[in-house]
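Paired with chain B in one complex and with chain C in the other, chain A is shared by the two complexes that follow.
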Partner chain A sequence: MTRTPSRRRAALQRILTPSLVIGAGLIIAIVLFGLIAPFFVADPLAVNNAGMHGPSAQNLLGTTQTGQDVLAQLAWATRGSLLVGVIVAFLALFLSAFFGILGGYLGGWLDEVFSLFTNVVLILPGLPLMIVIGSYVQQRGLLLIAFILAITSWAASARVLRSQTLSIRTRDYVQASKIAGEKAHRIIGVEILPNLLPVMSSGFVFALITAILGEAGLSFIGLGVVGTQTWGSMLFYAQNGQALTLGAWWWFVPPGLMIALLGCGLSLVNFSIDGIINPRLRTAPKQLKQAKKARQASPATKRERDDEPEQAEQEEVSA
Partner chain B sequence: MSTLAVKDLTKTYLLRDGLRFKRLEAVKGVHFELTPGRTVALVGQSGSGKSTIAKLIAQLERPTSGTITLDGKPVGRRGKALAAYRDQVQMVFQDPFASLNPFHSIGHHLERPLLLHGKATKANVREKCLILLERVNLTPAESFIDRKPHELSGGQRQRVAIARALAPEPTVLVADEPVSMLDVSIRLGVLNLLATLQREENLALLYITHDLATARHFSDEILVMYRGDVVEQGPADDVILTPQAEFTKQLLVAAPEPGTNPRFLAEAKRRGVPMPDHLAALEDRT
Partner chain C sequence: MHLLRKLGFYLVALWAAVTLNFFIPRLLPGSPVDAVLAKLALRGPVDPNTRRAIEIMLGADDDKPLIQEYFAYLGGLLSGDFGISVTYFPTPVTQIIAQSLPWTLVLVGLATTITFIIGMVLGTVAGWKRGTWLDSLIPATTILQAVPYFWLALLFIYVLSVNLDIFPISGGYDPSLVRPALDYPFLSNALYYGFLPALTIVLSSLGGWLLGMRNMMVSTLSEDYILTAEAKGLSPRRIMVMYAARNAMLPSVSGFAISLGFVVSGSIIVESVFSYPGIGFTMLQAVQNNDYSLMQGLFLIITVSVLAANLVVDLLYGVIDPRTRARG
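Here is the complex of A and B:
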C-alpha cells in the first residue's frame, strides 16, 4: 500500500507527455482569455473616428475600419467561438453516443436502421449542407448554427463508438454481468460506457475542432451567427473592410492566430489521448534516449559487437 | 434441491457465406442431468460444442431445439422467471483476464450480484463481499476488495470470478474451462477450491475441460463430446479405464501420461506388468 502514491505519480508522468502539456496549456490560456478578458475590455462595437490605426497604447491591437477596438472584439469573439464549439461538441457527443452505443449494443433491426442513418449522415457533405440550411433560415441564432454544425459532425464518431461497442459487448465481463442479472441500461451505462470514455473524449475534442473551424468557415462567407461575435465574423468583417489590401494585419491576424492555436492545442491533446488509448501510437523518445545512452556508456559491448563481423571473417579465411 | 436436466439439446448456427447460408450444428441432441453434490465433466476438443452448452445453460444463447429444465420446470426466458433461474444457475468463465471489467474494482464485481439477488443490502454489502473473498481464499480480503483487476494475477482473478458466481448462492454452477488460461502451477489450487466449495455447498457442478486427467480426478460422471455429439457418457472411472468410443481412446492417448510413453510401455511389457485395457488395445494395433 505504501507504493501507491509513487505508482500513481509514475502513471501520471506516463500520461503527461510534452504534447499533452503544451496542448492543454494553449487551450487553458485561450479559454481563460475568453472567460476573463471580456470583463476588462471596452465596448467592442463602439464606433470611433480613429479608424484603421495600428497597435498603440490606447488600442493594444489597433482598430478596425470603423474605429472599433480589435482587442475588445477578439475577447468577445473568443468567448463566442468557444461557446459554439462546446455546445456543438456536447450535442455531437450525445448524438454519436445515442446512435453508436445503443445501436451497437442492442443489435438487430435497430442497429441496421441506426447505422444506415449514420452512414447517410456521414456522406452528406458538411459545409455545403451548412450553407444551404444557413441560407434558408432567416434568424440565424447561436443555437441554430450550433445545431446545424452538430448534425453534420456526429456521424464519424458514432461509427467508431458502434464498432467499439460491438467489440465490448461480446467480452466476457459483459456476458458475466448479464448472468449476474444486470439490466440492459446498467450494462450499457456502468459496464460498457466507462470503457468507451477514452474514445468518446477523443471524439469530443475532434468535434470541438471541426465545430470551431466550421463556424469560422460559415461566418467568413457571411452565413454565420447573427448577433454574436466569433473569430469567423471578425475575419468576415476584416475581409469586407479590405484589411488585407490595406495591410491592416492587426485586424485579421489575431482571430486567425487564435483559430490556429486552439486547433493546434486541441490536436495535440487528441494525439496524447490516442497515445493513452493505444500505447502502440505512443512515441518513445525517452526510452530511445536511454537505450542510446546505455549503448554509449558500455563501450565494451559496442566493441564486441563491432568485432564480431571481423572475427567471422577471420574464421572464414582460416577455414 | 435443484436438478438441472438437459434433454435433446440442439443448437444450430446459421452462418452467412456470401448470399448462401451454411448451417453449423454446434450441439446435436445432448442429454444429461446435473444433480446436487455431483460433478459432471464435459470433455472434448476445441470447437466440439462444450462452450456452446455452457452458454445455453447460462441463457446467453437460446437452444434451437430441446429443453433445459430446473426441477422439472422449463427455464424462464425473461423478466422474473429468468431472474429466478439466475438465482440458481451461475457460471465461471474460461478467461479470467477477460471476465472482469478493467474499469471496476473487485468489490464492484461482487457487490452487484449480491445486491441484484437480494443477498445483501446496501448497508452490509461490503461485509458480505469480504466474506466471499475469504471463502475463495483471497486473504486478507480487505486488501483485495478495492483493487482493480489488473493488479491481480490470473489465479487471483479466477478466484474473484468464482466468488462472483457464488454470490447469488446458486445450486448449479457451470465452470467453462476454469483453469485452461492459468499457469500449470496454480491450476490445482483453483480446482481444489472449486471441489471444496462444491462439497460444502452441495452444488451441482458442470466442469467443462479438455483435460481428461482432471476430469477423472474431480468428477463423478464424464461426457465426451466430438463435433457436437456426445460420443461417450458414463461414470468417470469407466470412461477412462474402459473407453468405448474411438475418439475417447484418441483423447487418452493424446494426454501426456507417463503410461503412454513408448519406452515405458516396452519396459512394462518386458517385465510382464499388467496393462490397462485401452493401452493394451493400442499395443495390439501397432
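Here is the complex of A and C:
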C-alpha cells in the first residue's frame, strides 16, 4: 500500500479535529503546569501572617486562611492529582483488560464467573465503598488510595472490552491463527490486543477522569491521601477554612476549575477517539453538508423542499 | 428463566455487598478499636482500661471463629439488627437510617427523574437535528460532566446563597419555622431548601444522559425502519418520537445501573456540602465520629437501594423491550 504525501495530509486532517486539538492542548498545558510549576513556586505550606488576601502581585492567586500561597498549593496539588489519576488509570486499565479480554476470549465457565464478578462490581456504588474502606485505614498512602479507586472503577470498561473481544474472536484472522496452532497468549497479544487499542485508550481516558474526580471527592470529605496535596484536599481545607462565607473565591475556584478543565480536555479527546472508531457519530456528516450546499446553490430545489425540517435551521444559519 | 437469572444476579450482588461489609473491617490493617484509641490519644493520655471498654462498646470483645461470627452477623441483619450508633448513642442504627433515608430518596429520586426527562428530550432533538447549533452544544455539556458535583455545589452556595442570598446555605428545612410533617408549610420549605442540591445533581449528571441519547438517536436514524416510515409519508414529528426516540431510549434505560451508582456517590458529597439531613451527610458524620456500625448500616442501605432500583428498571425493561423476553 503506497500513500502519497497529500493523502497522508488528508488523513491527518481527518484525525486532527478541532475538539482533539483543543482537548490535547488543555491536557498538555495542565500536565506541564503540574510538572514544571512546583519548581518555581514558594513553599506551599509556609505559614504567613497575611491570611485571606485576594490576588496581588506578591501572591498571584491570593493566600489561604493561614497565609499560604494558593498558587504554590495549586502547583503541587496539580502534580498530586495527576499522579493519582495516572496510577489509577493504569491499574484500572490492567484490571479491565484482564477480566474483559481474558474472559471474552476463553469463554466457558471462566467467562461466566468473570462477567458475573464484573457486573457485581459495576452495580455496587463506588463512593460509599471507598468511604468504608478509607475510614478503616488510618495510614492512607498514595498507593492505597490509588488501589481503592482502581478496584471501584475498572468494571465499566471491562464490559466493553469483553463484548469487543467476543466479536473479534470469531473473525477469520483469529480463527486462522488458532488453526495454525498459535498459543492463546500470542493470539491475545498479537491478533486481538492491537484491535482493541482504540477502545482501550478511550477506556483509559475515561478511567483518568473518574479517578481524578473520585480522588477529589474522597479528599474533599477528608479521606484522601495523608500528606499529599491534591485538588480535592485544597477544596477540603477551603471548605473547612470558611472560604465560602468569607468570600475567598480565589481559594476554592482554581482547584475545581483545574479539575473541570482537565476533565473537559479528556472528554474532548475521547470524543475524537469515538469519532475515529465510529464514524457514524461525527457531528456533521459530509453528505448532509454537501446536500445543504447543493440546495443553497440552486434556489429551484430549495422551494420544492420547503416542507423539510432542515429548512428552518438553514435559514437560522444564514440569518 | 430470564427472570430467575436476573433475580439470581441481584441475590449474588446483595450477598457480595453484605460479605464485603463484614470482611472489610476484619481484614484491613488496623482495627476500629485502634482507630478510636488513636483519636482519643490526640486529646491526652489514654488509660489502659479504656481499650477494653472500647472493645466491648464496638462488640469486638469475643473471640469466636470468623465463620461463626459471620453467620451471627447474617442472622443479625435478617432480624434487622444493625447495632447501636456511637454518634447518637444509644439510638439503634436502623432508627437513624429511617430518619435520613426519606430525605435522600426524595432528593435523588426527583433529581434523577428530572435529569432523565430533560436528557431524553434534548438528546432526541439533538440527534434528530444532527449538525445544527443545538447538536454542537452537546460537547459543552461534557464540561458540566467534568465538573465535580461538590465544586458546583460550592459555586452555587457562594453565588446564590452567600452573595445574592436567594437560597439557604445549608440544611433540609428551617427548624425555626416548620416541623417535619406532611403539610404545605413543611413541604414548600423543604422544596426551597432542596432546590440547590437538586439543581447541582441535575446539572452535573445531565451530560451523560444527553450524550448517550443523542448518539443512540443518530444510530437509530440510520435504521431501515426509519427510512420505511419516511417513505410512508409519516410526519417528521411522529417518526422522531414514535419510531426513533422510542427505540433509542432503550440503552439509556438499561444504562440506569451505571449512572445511579454515580448519582448516589455524587449526592453523598453534595449532601455534605449542604449539610442536607440525608444518608450521605449522616454517613460523613459517622466517618468523623468513628461510628462504624452506623457507617456499615448506611453502606448496606445505600447498596440495597441501588440494587432494588436496578431490579425495578430491569423488570420494566422486559416490558419495554420485547426482544429481551423472546430471548429468555
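Here, the second predicted complex is superposed on the first by the 281 of 319 C-alpha atoms of A that agree within 3 Å, B and C clash if a C-alpha of one lies under 4 Å from a C-alpha of the other, contacts with A are read in each partner's own complex, and residues count from 1 in each chain.
Assume contacts are C-beta pairs under 8 Å (C-beta built on N, C-alpha and C of every residue); 3 or more make two chains touch, one makes a residue touch a chain.
It should be emphasised that the depicted structure is a prediction, and the values quoted were computed from it without experimental measurement.
One more residue to check, A:Leu35. First (chain B), second (chain C), both or neither?
neither
Would you sort A:Tyr173 into first (chain B), second (chain C), both or neither based on which partner it touches?
Only chain B; A:Tyr173 stays clear of chain C.
Which of the two partners, first being chain B and second being chain C, lies in contact with A:Val47: first, second, both, or neither?
The answer is neither, since A:Val47 touches no partner chain.
Under the stated touch criterion, name the partner, chain B or chain C, that contacts more residues in chain A.
The partner with more contacted residues on chain A is C.
Please indicate which partner A:Leu127 is in contact with in the superposed arrangement: first for chain B, second for chain C, both, or neither.
second
After the superposition on A, what does A:Leu110 contact: first (chain B), second (chain C), both or neither?
In the superposition, A:Leu110 touches no partner, neither chain B nor chain C.
Scan A:Val21 for contacts with chain B and chain C and give back first, second, both or neither.
neither
In the overlay, answer first, second, both or neither for which of chain B and chain C A:Glu182 touches.
first
Does chain B (first) or chain C (second) touch A:Pro194, or do both, or does neither?
In the superposition, A:Pro194 touches chain B alone.
Please work out whether A:Leu143 is in contact with chain B alone, chain C alone, both, or neither, and reply first, second, both or neither.
In the superposition, A:Leu143 contacts neither chain B nor chain C.
Tell me, which parts of chain C touch chain A in their complex?
Interface residues on chain C, with respect to chain A: 9, 12-13, 16-17, 20-21, 24-25, 28-30, 32, 34-35, 38, 128-133, 135-136, 138-139, 142-143, 145-152, 154-155, 157-158, 162-163, 169, 215, 218-219, 222, 236, 257-258, 260-262, 264-266, 268-269, 272-273, 283-284, 287-288, 290, 292, 295-296, 298-299, 302-303, 306-307, 310.
Quick check: in the complex, which residue numbers of chain A touch chain C?
19, 116, 119-120, 122-129, 131-133, 135-139, 156, 209, 213, 216-217, 220-223, 235, 239, 244-245, 247, 249, 252-253, 255-256, 259-264, 266-268, 271, 280-281, 283-285, 288-289, 309, 313, 316-317
Tell me, which parts of chain B touch chain A in their complex?
These residues of chain B touch chain A: 58-60, 82-83, 86, 90-91, 93-95, 98-104, 112-113, 116-117, 143, 161, 164, 167-168.
Report the residues of chain A in contact with chain B in the complex, numbered from low to high.
1, 171-173, 175-182, 190-191, 194-195
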